[in-house]
Every structure is written in C-alpha cells, then in structure tokens.
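Structure provided below as structure tokens; questions to follow.
For clarity, chains are labelled A, B and C in written order, and residue numbers in each chain start from 1.
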Amino acid sequence: MVHFIEMREISKRFGDVQALDNVSIYIDKNEVVGLLGENGAGKTTLMNILYGLYKADKGEIFIEGKKVKIRSPKDALSYKIVMVHQHFKLIPNFTVIENILLGSVKGMKLNLKTYEEELSKISREFGLDVDLYEKVRELPVGIRQRVEILRALFRGARLLILDEPTTNLTPQEVDVLLSALKRMTKAGLSIVFITHKVKEAMKVADRIIVLKAGKLMGVLDGALASEEKLIELMMGVRDVKPLVLFSNIDLGSLEPPKEEVLIVENLKVQGEKGEIVVNNVSFTLRRGEILGVAGVSGNGQRELVEALAGIRRPASGKILINGIEITGAPPAKIFQMGVFYIPEDRIGDGLLPTMSVSENVILGHHNNPPFKRGILMDWNIVHRTVEKYVKEFKVKAQNVGIPAGTLSGGNIQKLQIIRALIREPKIILAHNPTRGLDIATVDMILRKFLELRNKGASILLISEDLDELMSICDRIMVMYKGEVMGIIRRENFDLYKIGAMMAGMRGAQ
Amino acid sequence: MDLHKILREIAFYSTGITVAFVVAGLSLILMGHDILKGYYTLFFTSFSSLSGISLTILKFIPLLLMSLGFAIPLMARKYNVGVEGQFLLGAIGAVTVAFSLSSLPGPILITLILTGGVIFGAAWALIPALMLYKFNVNEIISTILLNFISFYLVDYIATGPWRDVFAGHPMTLPIPDQGILPLIIQNPQINMGFILALLFPFLAYLYVYRTVRGYELRAVGANPRASMIFGINTNYIAPLSLIIGGMLSGLAGSIEVAGLHYRLIEGMHSNYGSLSILIALICKGNPIGVILTSFFISVIEIGASGMQRTMGVPVELIFIVEALILLFILMADVVKARKK
Amino acid sequence: MSEVIALMEQIILYLKYVLLTTVPYILAGLGMSISGRSGIFIVYNEGLMLAGASATFLTTYLTGGDIFLGLIAGISIGVVFGLIMAYFTVTLKLNQFVIGLALFIMGLGIGNLMYKLVIGVVLVPPRIPLLQDVYIPFLSDIPIVGPVLFQQNILFYLSILLALIIHYFMFKTAWGLNFRSVGENPKVADSMGINVFLIRYIATVLGSVLIALAGSYLPLAFTGTYTESIVGGRGWITIALTLFGKWSPLLIMLGSMIFAGTEAFVYRLQVAGLALPYQFLLMVPFLVTLVILIQVYRRAEMPQALGRPYDREAIEE
C-alpha cells in the first residue's frame, strides 16, 4: 500500500552520538501520528530531516510512492510539508502578517491587503483569532503558536509537524489545541505530533510511534495502546514505580512551620519595555521546603527569579534572605549568601562555550577558598572537585578540560545543576532545571533536590511540568500575568484546579 | 595536551603558513624577480649581519608588547585596535617626562620615562574604556578614531616647542643622555628594553590563566551575560582590559623613544599597529605563542625591507603575506575541526 | 550689494563642496547597510577603499584617462573582497571582525603595492583627470539650489539614486522583507525556505562593491592623485555613520551629509587661516565622530543577527 509519506532506514550521527539508527516510519493522509519518546530520543531530529534542516547520513524519503530529495526547508515546503518548532520561527520585530508571508511571497509589490482576506478566512475556519498588524514581540506565547499554525495553513500544508506544541499551554488550552487538530485532519491534513508526554499522545494520536535513543521501538494503535506499554517502550523499564515522578512520595508535614529563609513582599518588577511583569507578588519560602512555581512561561516567572538572583532590579517591594534585606543587591552578594541560581537558558545564561568544563562549573564560586588562594586560582582542587560531580551525574565528557561548548544540551544542563551543588546551597532558585533531560537524569535531579530539602536547604522550583511539581513540592504557587493566583498545599494538589489558576482563575489557599 | 595533538596542530598551521609563502614566491616570479634570492633575503637578512640582528630585536620589542596589548583585551572579546595610538601616547609621555625632568639622574629618569609611557598609554585607553563603560560604544571604532587623533597630536608636538629645527622631518630634539636606555649587549646593539619586554608574556600568561581576575577576564569574553549572572562585575572587566592594553602599548612607545630613536618622530609608529593585531590574532592571544610569532614577523619584516632595498620588491608584498598567514591559519582551524 | 553676492557665491561654493565630500560616505554607508542587513558586519572599509582608489587611479592612468574603466577596476576589487569575506564568514563561519581586520590590512597592502609596482618612486606624482560636473538641464539654472544640487558629478547623482532605490527595495518589497529576515533571524528565514547563504554572499559582494566605489571616488573627485593616506580615516568614520543611521539607507544619507558639512566647515576654517594650530582642526572630524558614537548607544537598533555566523545544524536551545 502506498503511504502518503514514508521515511526508510534513516540514520544520522552527530559527532559521537548516533541520533537516529535505521528508523523507518510512514504517515498516511487524514491521520494524527504521535511521535513519542523522551528527550534525546531523536524525534525532533527525524522530523528536521523530513523538513530539510538536517541531512540524513543514510536513508530515503518517499512522497506518495515517489522517491524525493529534501535538501532544505524550501524543498520540504514545495511538497507542502510545514513544521512548527518548539522554538517559534517568528521574527519579533516583524508584524504577524509579515511573518506569515515571509518566504512565500516574491517580487516587488507588497500589497498586504490582498492577503488579509485569505488569512481572515483561514483564521475563522479553525478558530485562530489574531491581530494581523501587531508586532510579534508584543504577543504572548499562546498567541504566537496560533501565528505559526496560521502560517502553515496559509502555505497549504498537507503535512503539519508540531514539535512539543503543548509546552507553553495551560491544561485547558491543551484540550482546545488537541480538538482543533482533530478538526484539521478531518479537513484533509496529516499531522505529526512530537511529544514526550504519554497521556497526550494517547489522547490525540491515531497511531503512536515510539522512539528510544534513536531506535524505533514500536508502533501502536492510538485507541488500543495502554499507558504502561507505551512507557515501557519509551523508557525501557517495566516498573516505573521507583521513579520519583511516578511514585507518591510522602514528604511528611511541614508542621511545626520552620523559619522563613526567603521573604518576598509586594514585589514589582519591570520587563524589557518598562511594563510591570511581576505585579505585587508576596510569598515566603521556609527552611527545608520545596516551593513550586507553576504557570505558563511568560507570566513573569523569569523576571521574578531574576529579581531574586540579583540580575534584575525590582521596581518596588522587598526581598529578604534570612532576615537581611537584599532588594536590588548585585548577584555576587546574593551568591555569597548561599543562594544559587539555575537559569532556564542554559546556553545564553549559563555556559562559557570556549572554556573548559571545570571553568564552567566553578563560575560564581571561583572567588572563594578553597578554589582560590590569594589572587591565584587553585586549579588542582577545582578539577578534583568537579571530576567527582561529573562522575556522579554521569556527564558525558572525556575529561573536565574539554570545552564545555562541545557537550550536548542535556550534559550542559547537568553542569548547571552541579554548579548549584558544588558548595552547600542554602537556597536554590531553579528555573526549568530538568528541561530536555532524559528520565533517568530527571529522576536523579529530583532525588537530589529531595535530599537537599531533607538536609534543610530550600528550593524554589519554577517549572512548566506540572507532574514534576506535584511530585516533589511541599507547596505550589501559581503565577498568571505577573500575579500570584494562589498557593496550594501538597494535600490539596489537583491538576485541573492548578490548571484553572494558570489560566487566570483565582483559587483558594 | 598530548603530543599527538600538538604535532597535528603544528602540521596544520605549518601548511597554512607555507601556502602563504608560496603565494609570495609566485608573486616574486610574476614580478620578474629571482625567487631563491627573494626567499633568502626574506628569511636571512636578520641573521646575516650584526645590524640585522639588532634591527630585528629592535622591531621585536614593540611588536611583542603591542601584541600583548591587543591580546589581553581579546580575551575579553574586545578588539583594542588602538594599540597604535596608545603606543604614540606612550612615546609622547616619554619625551614629556624626559624634557620636563631632564635634570634628574639617569636611573631615576629612565624609570620615570618608562612609567610616563605606561601612564600616558593607559590614559589614552581610558577614553574608549569609559565610552565603553558608560555608553557601550564599540571599542573598534572609538580606538581607531583616537589613533587618528594621536597622529595629529604627535605632529603637533614634533613641530612644537621641543622640535628639532634642523631636521627635515617633524621630530623633537633628542632626549637627555641619561634618559637613554642602557645597552645590555654592545655588538649587536641590544638595549635593556629587550629584557623588560620579555618579562611581559610570562606575566601575561600568569595573569590570564592563573589569577582570579584572569579567569574572570576570560569568562567575560566567553559569555558576558552568564558571567554577570554568576557574580562577576562585567562592567569593569572589559574596560579594565583595554586599559591594560594601553599600558603595554604605552610602555612599548616609551621604550622605542628611550631605546631606539631617542626622540619623538612623526610616523614612528610605522606598521606596528597592524602587525601587532595580526600577531595577536594568529596566536589567538596565547602569550607564549606571541613571543615566537612576534619574532618570526620581525624577521620577515627586516627581510622585507631588505628585499625592497636590494631587489626593489615593495615591502607591501610581505605585508599582504602576513595577512594571508592569518587567513590561512584560520582556514586550517576549520579544516582541522572537520577532519576530526 | 556686491558683498552680498560675494557671500552668496561663498555659500554656494561651500554647499557644493559639502555635497562633493558626502559621496564616499553615502556609498560606503550604503554598502555597509546592505551587507549589515543580511547579518554581515564589514569592518575593512578603510583598506578596501584604499585598494579601490588605487585600482581606479592606476587603471585610469594606464588607459590614458578612461575613468569608466577605472571605475570598473574599482568594482572588480570590491567583488574580490566581497567574495573572500563571504567565503570565510558565511561558508567557513569564522569570526567576522577577525576576518574583517585581516582584509583591512590586506586592502592597505594591495592598494599601496599596486601603486608602487606601476608607478614606483617618482619626483612628480602622476595625475588623472577629475570627474566632470554634469549639468542637469533646466534644474541647474535655478538660483542657488541649481548649482549646488544639479551641477554635480555623476557619482553624486548615482549615490543619491542608489540610496533611494535601496531603501525602496529593502522596505517596500516582498523581496526586501525576505532579505531583511536573514539579518534578523537566519534560522527563521532558513525554515521559511529562504536561501540564507546565497543572500549573504550577494549582500556581502554588493556591499563591498559600493565600499570600493567609495574609494574609487577619492582620486577622481578631489586632487586627481593617489597617496597612501588618501582615505584618511573615512572608512572607519563610515562605520560610525552606519551605526548612527541604524543601518537604513535614508538615515545614512542624512548622517553623511551632516558629517560632510562639518568636515567641509573645518576645511574652510583652515583655508581661512584660523589661529588654531592646524593639527587640532584636522582632529575635529574624528572628535565629532566620537560624539556621534555616544549618541548612537541611546538609539541602538540593528539587525538582531548582525555579526553572528549561521550554522544550520547548530544545537538550538
């Protein structure tokens, strides 16, 4: 039987890593294919090859039975294959309509009016409402996704590839998206839905293709697949109970309440353009506690944690650590107090690409004995200390002297975590610390956080992964449009209640 | 760093350098010259006479210091293209001290002359440093503009109250005798500046790779934002590196006055600026590599003027070859990375 | 009455001179904005302009005064430099500043080498004919404005025309939209099927051609001779003017005119015999540029991907 799109025996190697190993899949018309696998399994790589961004070392692609060569996105687009990436391919300085037309219009005149009508039609048909003349940088994340999908439809996509599309959506918005996708397939589209969330794949996919470490593990019928079977294929483990994410940990109660190590009072922080993005936030963090911060990305979490880390000066309000006011203090001072920051942007905010692994990990700690002696650095001690952690966290690097920029994304993230542990942390500010990591490492990190908590450290865990937050947090604070919608205690954790708060509905304490 | 890796690096880079010289040879043939005579003059003029050695060392000293003056800010990802102007300000500082304090005894005067060079050079770098610190002005352009201003300053002073009226070219009177750097070797003539200059690559190495400040310098060059986030005071570091660059270049200028010309001469900066930039970029800022490369460049520069003198080959040919060496070495880097 | 007429004549001469001196700044600035908008930051202006000046001078001289061929020679040098820059920074993905500095030095070397080889050392420097003024019919008869604006040489008209054309192309056409996206975010442009490499190559070559032409203009417009210092720092100043003009053709044109006005004013002061030592007058254009730079930071707006190489297979975070 001739399939719509077929990829045969695709292999791709990046340096030492075999990203894809002899993978063969097919996609038919009018179906949603779930491409399931944990981070690093090769799902995005496989689709990037189909979209022409990467070149496969081996293997062939067939469209409606005919062999094709896809050498660049231009070729893919000519076959009406469109990909919406995890990191949106939009130019912030251009308007919505300019972004939609980018690359598909040629020639001299740029008469925007003529396209306006067509775009409005598509917009209405699928419920993708957006202001065409707004600059993209003004739009919130959820709306930007609409622009991407609108663009795909405008280009007459026959295959739409979505890479982790629910990352920045509330649970309710996810439902809306999934039903919209079902409508699109009925209208004639094929969709590939890349995800690492099992439940999501089961909800939306007609067929589920599972990848693990670059290999094809199995293809299951969406309606018939069971969660256990999918998890087993995806992670290679039979029993997920030991994993922190899946077990129901008893954290013990927080009574009697311990002392407050971090107090935030009426904090107001401004964003890049001077607008208030953290609006009158107040909360406390106690010793030996993990406080989660839930919320769709872009609701002020980044600015909040940057204010706490001393990188961003608050407009007003107070921050106290161990009773000492540190509002507006520089990062060095906050660091000295034992407050360690794990930034979300591991490369832009946390990596010195040309310098060695050791030099990266020691960043921030370098001005302290035993790593320094007088004005000189003691590289011996630095290397030995870092080596210990590199082993413990199984960082894939030949030695601690190689440039950190050559490591894979996951390993770079491990370095960020190690950096926060190298000296006794009192408070850890962690922003999406497990993003992009495989399940085994996620487990290791969550366990480490619990260990630290039990020893008396405090952790502010900002994450977009509700499962993660619900598994180890004592309390969860929900942020929406820069405000605290509510703080929920562990015994009251409820996925949809939190989801409602993430979408703007206030909840009870 | 294992031996195999080092040998491989040497192999790739040698190929690059060789290609550049092959290009030179082909050009010689095209211009109708004797290629063997050309190569011989190019590489051996420095060693074929005592004055050749002396001239080479005299060129080596400023090149070494100014290359370091470019290399240290380079570690912080800053391009101190103003080494030339800082060199000239150092020279101005040297003659200013020499003429103003001419009654002081030798050793003190010399020390003050050199210090004056360092201070004036640092001051000239302070301007772009401040512009960088307060206004985030790109240092490539600001330092180059100051270079041009420094040329006019030199011209003004060389035709000012200290000018030598009998000279055909704008220059000052010679500095007092006790301000002249003593020779450490008579034949060939090598002055104390040589020892002084050789100190600095090692000091630079220690500073950049072993001290806390040096680590912070490199971190800022690698990722200024990450450095800021983890406590390094990035606002200071880049401007500070420029000032260090100015100090080194200024010292070079004062040594040039007190050890070679004994005066301030219009145009004394020659092509030191461009050469130092090339040297620092070729070595990627590695202080030890700078010593070898500076010496190598000095040798072929003396050879180039020898070629112009005895064969009529313009010195610019070698200037182009030196730029080609940089380009080919960069290319070798890319090839090396691909063939892993 | 005759004093008024004399003053008017002085003003006309002054304005004419200002526009005459504006041309190299506009041409080089346009060149930088084209390549800059595609993400390539050219810094070798000073060297390329010298090489262009040299090539044009020598070709014109050797052909007995054929200015057109001279300009072609300048354009060719621009193409060569552009291709080398594009190869090293787009294909090999090396650091644009480092390659730019290397090419700057090469430009200096090539410019002077060619002159020395062809002319050598002579007592009387050779001369080439200057660009003639082109009188536009009717318009050049308008009092005051006429002689100033419509009695200029052909490269002046070309530079103004180019500024308008390039502005139109860049901001009012679909093609320009696609082009600018390459400098804003090449990854996005690539994903939309735009050929980032090709556009950067073309932009770098076109940009270098204009910069070289700016250099070619110099021997043809002022003295008809060539010296080592004929560019005199203008190449670096155009970088500052481009930053000031936010990489936009019309703003660059405006900034160039204002700057040239200052430069011409200083020249007039010199000629008029001001009491200040002449060296300090010569410094003024550079000091003015420094002040311009300080202003730039307040208005910093540039293509977001400027100065960074594009690697399709680089890890995305």
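One rule holds in what follows: a residue touches a chain if its C-beta (ideal position, glycine included) is under 8 Å from a C-beta of that chain, and two chains touch if they have at least 3 such contacts.
It should be emphasised that the depicted structure is a prediction, and the values quoted were computed from it without experimental measurement.
Enquirer: State the chain with the largest centre-to-centre distance from chain B, centres being mean CA positions.
Expert: A
Enquirer: Please work out which of A-B and B-C is bridged by more C-beta pairs in contact, and write that pair.
Expert: When B-C is set beside A-B, the one with more contacts is B-C.
Enquirer: Between chain A and chain C, what's the gap in Å when you average each chain's C-alpha atoms?
Expert: 46
Enquirer: So the centre of each chain is just the mean of its C-alpha atoms; given that, what is the distance between chain A and chain B in Å?
Expert: Result: the chain centres lie 48 Å from each other.
Enquirer: Just give me the whole-number Å value for how far the CA centre of chain B lies from that of chain C.
Expert: 29
Enquirer: Which residues of chain A are in contact with two or more other chains?
Expert: 348
Enquirer: For a test of understanding, state which residues of chain A touch chain C in their complex under the given definition.
Expert: Spelled out, the residues of chain A in touch with chain C are 14, 51, 53-54, 72-74, 76-78, 83, 85, 87, 89-94, 98, 101-110, 345-348, 408-409.
Enquirer: In their shared complex, at which residues does chain B touch chain A?
Expert: 210-213, 215-216, 218-219, 221-223, 225-233
Enquirer: If you look only at chain B, which of its residues touch chain C in the complex?
Expert: Per the touch definition, chain B meets chain C at residues 31, 79, 81, 131, 135-138, 140-142, 144-146, 148-149, 152-153, 155-156, 274, 277-278, 281, 314, 316-317, 319-320, 322-324, 326-327, 330-331, 333-334.
Enquirer: Provide the residue numbers of chain C that touch chain B in the complex, in ascending order.
Expert: 43, 88, 92-94, 97-99, 101-103, 105-106, 108-110, 112-113, 116-117, 232-233, 236-237, 239-240, 243, 277, 279-280, 282-283, 286-287, 289-290, 293-294, 296-297, 300
Enquirer: Inside the complex, what are the residues of chain C that reach chain A?
Expert: So the residues of chain C touching chain A come out as 172-178, 181, 184-185, 187-195, 304, 312-313, 315-317.
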